[in-house]
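Each structure below appears as structure tokens.
Across the two complexes that follow, chain A remains constant while its partner is chain B and subsequently chain C.
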Partner chain A sequence: MSTLTIRNLAKTYPPNVRAVKSIDLEIESGEFVSLLGSSGCGKTTTLQMVAGFVTPSAGQVLLDGRDITYLEPDKRDMGVVFQSYALFPHMTVAQNVRFGLEMRKLPEAQIRERVADALMMVQLGGLDSRYPSELSGGQRQRVAIARVLAIRPRVLLLDEPMSNLDAKLRSEMHVELRGLQKRLGITTILVTHDQVEAMTMSDRIAVMANGTIAELGTPQEVYDIPSTEFAFNFLGQSNTITAKVLGHDDAHTQVSIGSSVIQIPLRDAGTSGELRLFIRPERLTLSSPETGIITGRVATRLFLGNTWTYEIDSDFGRLRVIKVNTRGGQPGEGELVGINWNAADMQSASGELADV
Partner chain B sequence: MSDASKSASQPWLLSFPSLALFLGLLVVPLALTAILSFNVFDSMMGTQDDYTFGNYLEILSDSYYYELFLRTALMSAGVTLLCILLGVPETIILSRMQPRYQGIFFVMILGPLLISVVVRTLGWSIMLGREGLINQSLISLGLIEAPLQLMYSMTGVVIVLTHVMLPFMVIAVWTTLQKLDPQVADAARSLGAGSWTTFSRVILPQLLPGILSGAIIVFTLSASAFATPALIGGRRLKVVTTSIYDEFLHSMNWPLGAAIAVLLLIGIVSVVMGSNRYIERKFKQVFS
Partner chain C sequence: MKDRGLGSNGFGSLIFHTLFTLFIVAPLLVIILVSFSDKGYISMPFEGASLRWYWAILEAPELMDAFSTSIWLGLGAATLASLVAVPAAIAIARYRFAGRDGLMALLLSPLMVPHVVLGVAFLRFFSLMGWSGSFLALMLVHALIVVPFALRLTLGAIIGLSRDAELAARSLGASRWTAFRRILLPLILPGVAGGWVLSFIQSFDEVTMTVFIATPGTTTLPVALYHRVAMLTDPVTASVSAIMIIGTMGLMFILDRIVGIDKVLIGKK
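Moving on to the complex of A and B:
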């Protein structure tokens, strides 16, 4: 339907708050992209510039190749779901959903049909004549979603639209919203700080930090092979290990950690000195001490139902290991264990977090 | 003393000082006025101890008093309307200003309340006179040929009352405006509403409770205003309050004056209660 291009977008609030430093993003027609990042990193500001509520300090927003950077919000045909819902408090649920359709001057019969459809999609049938003050937080959020789905916008902008739903309803809405978005083919940007939400719904994830995009790729790419140290630590968990580079051969780089020497996937031949390595806790496996690449002693273990989380003191420092809760013995606290991994899983950051 | 009896008497004990003040300063004088309004008045011997409905019958059977009350109601309604028309845009402009200017303009808006009524009204009578600033400006601009009769006229009274009452409207609307979520207006814009539609269909309806409560304050204060109608309206333009004053101090007919005062009070209270009930019914669901 519509492609959205964001070029060098930046926003500086007076006097000197650089909320967004520089964002470059190309979103294909029908694509679902998440902006994921911690609080205050500029996600909402970016979204508001795309929606036209905040005037950018620099850069451009293009919709299907047309420059809309300074276009009025009501001319953009974008549906926005706000962090605070922003429902019209003096209108009933049905009147809220109708509003956008009335603005588009659709015939009454069509308006009724679309309102009913939209409320059905978010499972709010029967609450048409309630006022927002008579709804629960989750219901309000769903009215806000229905209100934008009803207008079938060219672009859907969602600012943490599911942060107030309970876990079950949220995962239902994830599936539901993603299904709708695919069926209607609406180009979508979702702002969230919920990793699971970003991973399950998105075609691509843009991990934001300090007003820039630190990492951009499919959910697997940003999780499995991130390029920045920030992303290793922000997405999921990582063990950070400091290693000394010894040398390189055809396929590997040799590094020393503590008293051990191990091989990791080849780094630039120029790399020397210290190197920070990252490995996910679930990529470390436990074995008997004799068969481990290194050994360690269990400091603590936590039971999480489907998994165990181990903290193990080893030559590499304290390592976190996540082990699926399988049948059979689990090593106890104080026990000596062997730790193994696949050489390819010991990664290092190839890029620096741009500090614009 | 048991806990139960203690907790039952405690609220009364605690509110005793304010209750005493309320009773002494408001209820007692009002009751005395009400009683006075039923006393018989004799033009030779003054107020008598006998009771009668005569004062009320005199008012209700004389078209002069109907005109008087109607004039007062129209004056108050006019002031209220002007305060809405001026106050709402004024407050919205004020809310969009940078904080440092907001402070300055707030003081300017509240200004009329900070100045003594006598000084303010005398100032206005200089401005409104036949040779006054307003008439002279209008004549030199070529908008009018002969000076307008502003002093001792309804126009003048409404202008001056609007000046004093405006702050009450601004404060009432301001309080409501501060509670609005600015993103609601953004939502309307993104749903395709232009700025005018956003104002009329989204912002204004949300301001309505504030506007209505401001209107009640302005209406009641205008209807019971005395100094401005007395000084600007003069003896030619009587309203209810000035005629009560006349009955008390010129005709010395205290019972009749008291009866007019009681009727004014009833009129104002029923306007307030009526609009309150209307507001509650209309907005209960919306802003609970």
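Moving on to the complex of A and C:
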């Protein structure tokens, strides 16, 4: 399969709108990389430059080492699945799927075989002669996927393909599409604003903001040890705590928060000044008041079925705690509770994490 | 707000519209009735109806020639206008470029200039260029005045059409031309065909300008009728008019089938 290299890629629209400032990304053969970000972060423009629909203002796109930056889209061998599916409404399912094969001037027998294979892969056998308007949203999406798989593209580009499906179908498609992608070993870029989608499907996630990549790593890396404050807040939820630095030794920094003084496993945080710390709500645990690192009083609690979300007023300010709905009593509103955490889970966005 | 469409008029406006419609339709009905007269002058066919004035058309070679001139002129002008309108509509709808508004204004401008003015101007222009009596020159001028109609309908079809299908075709391996031919053109075909039909009707019916520039060899049907009425008043003009009325209604019906008449006349999407 194919490797894709994106170097210093940028797009500026006149007069001076910098949709994409500078993207560097190396995608290995068979790898699934997601560009995750909110609308206007430049993710779709990046994908369109890779597909050849938008001409970059600067930078390069290399496919297997060959510069394709200014190559026409029809010469790229890439399969694009659009958010709108972009099926050809005046053609049947089979005609849609065979379009790319006809463009490649394959012999008729081979076209038929590949169309049947592609429709089988997406479990759409038997619908060959239907028109797109006669299909459900989920079926249309499968046709769009079959259409690009049929040409056996070197790179698969997915532009928010799941955003028009209902939640249940979407999570089924995550699993199915990921399985298909792994089996076929196609190098894939997914553009999405849905973090669950990015986490479940990707080998690596590039979190994008303001036309650049803010965070790049495996789903676990970008969630567990992000290096930017943006990523802490964009991916999942975070409690933000402002701490005053008191001093540090080789492996730890001593900080004061409210009336508490604690150690965090952080070097190079300086010897004074303020530090913003982050901790995920699910990394905080509740106990009886006397066994907590700090204590707090439950302000509100929300029941979400599998979990409880607590808002607790403490010395650290208001903290959000997510607790699995286990058997037994749950602290109620107004109750005093102890709050605990693993020292390693209290992180800083600016500093470097020590090995713990 | 309450939807006040065509079906929800008040009583007063209903009367107004009925009278208005009668006022427009009555002369047409009279002409059609007169065409069935068996008398040698303009009269109602109450004392005896016949088709003799329809047969008489066949025996008026100048009308037959003019009829064929008008048909070929309409076919040529509508086709030329569509050949200009389709690429122009794609450029205007799809791209932002310097002179985009100017191009649009230029192509729609024939709508703004009175046809009398165009007629006088082209009469002078043709005689200067030595093109008087050229069918091709007449066709070019007709194409020019019907371009706005072809453009409006084609634009209506392209604007609002997502580019995704074309882009999908491109990335599946289609060249620009193939993507146009196999994807965009079929999708906008109703608008293009509607524009063509409307252009044909406009060209076929045009008299104000054509009367200035038509020569004996390039006389169109409406111009021939005009000249005939100026000289004699037999019911042949009525029978020719009746045929034109029926023909135009037929084309309007086809237009309604392919694009919807309200879309053409009101510009509704």
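Rule of thumb we're sticking to: the second predicted complex is superposed on the first by the 348 of 356 C-alpha atoms of A that agree within 3 Å, B and C clash if a C-alpha of one lies under 4 Å from a C-alpha of the other, contacts with A are read in each partner's own complex, and residues count from 1 in each chain.
Methods note: a contact is a pair of C-beta atoms (placed from the backbone, for glycine too) under 8 Å apart; a residue touches a chain by one contact, two chains touch by 3 or more.
These figures come from a predicted structure and were not determined experimentally.
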* Asked: Following superposition onto chain A, is the placement of chain B relative to chain C best described as a clash or a fit?
  -> clash
* Between chain B (first) and chain C (second), which does A:74 come into contact with in this model arrangement: first, second, both, or neither? -> both
* Asked: Does chain A have more residues touched by chain B or by chain C?
  -> B
* Asked: So, A:133: does it touch chain B (first), chain C (second), both, or neither?
  -> first
* Check whether A:114 is in contact with chain B, with chain C, with both or with neither, and answer first, second, both or neither. => neither
* Scan A:100 for contacts with chain B and chain C and give back first, second, both or neither. => both
* Structure fact -> Footprint intersection on chain A (chain B / chain C) at 51-53, 72-74, 76, 78-80, 82, 84, 86-90, 99-100, 103-104, 147-148, 151
* Structure fact -> As the complex stands, chain B meets chain A at residues 181, 183-184, 186-194, 197, 201-202, 205-206, 208, 285-288
* Asked: Contact residues on chain A for chain C in the complex?
  -> 51-53, 72-74, 76, 78-80, 82, 84, 86-90, 99-100, 103-104, 147-148, 151
* **Touching residues (chain side chain C, partner chain A) in the complex** => 162, 164-165, 167-175, 178, 182-183, 186-187
* **chain B contact footprint on chain A (complex, rising order)** => 48, 51-53, 72-74, 76-80, 82-84, 86-90, 99-100, 103-104, 131, 133-134, 147-148, 151
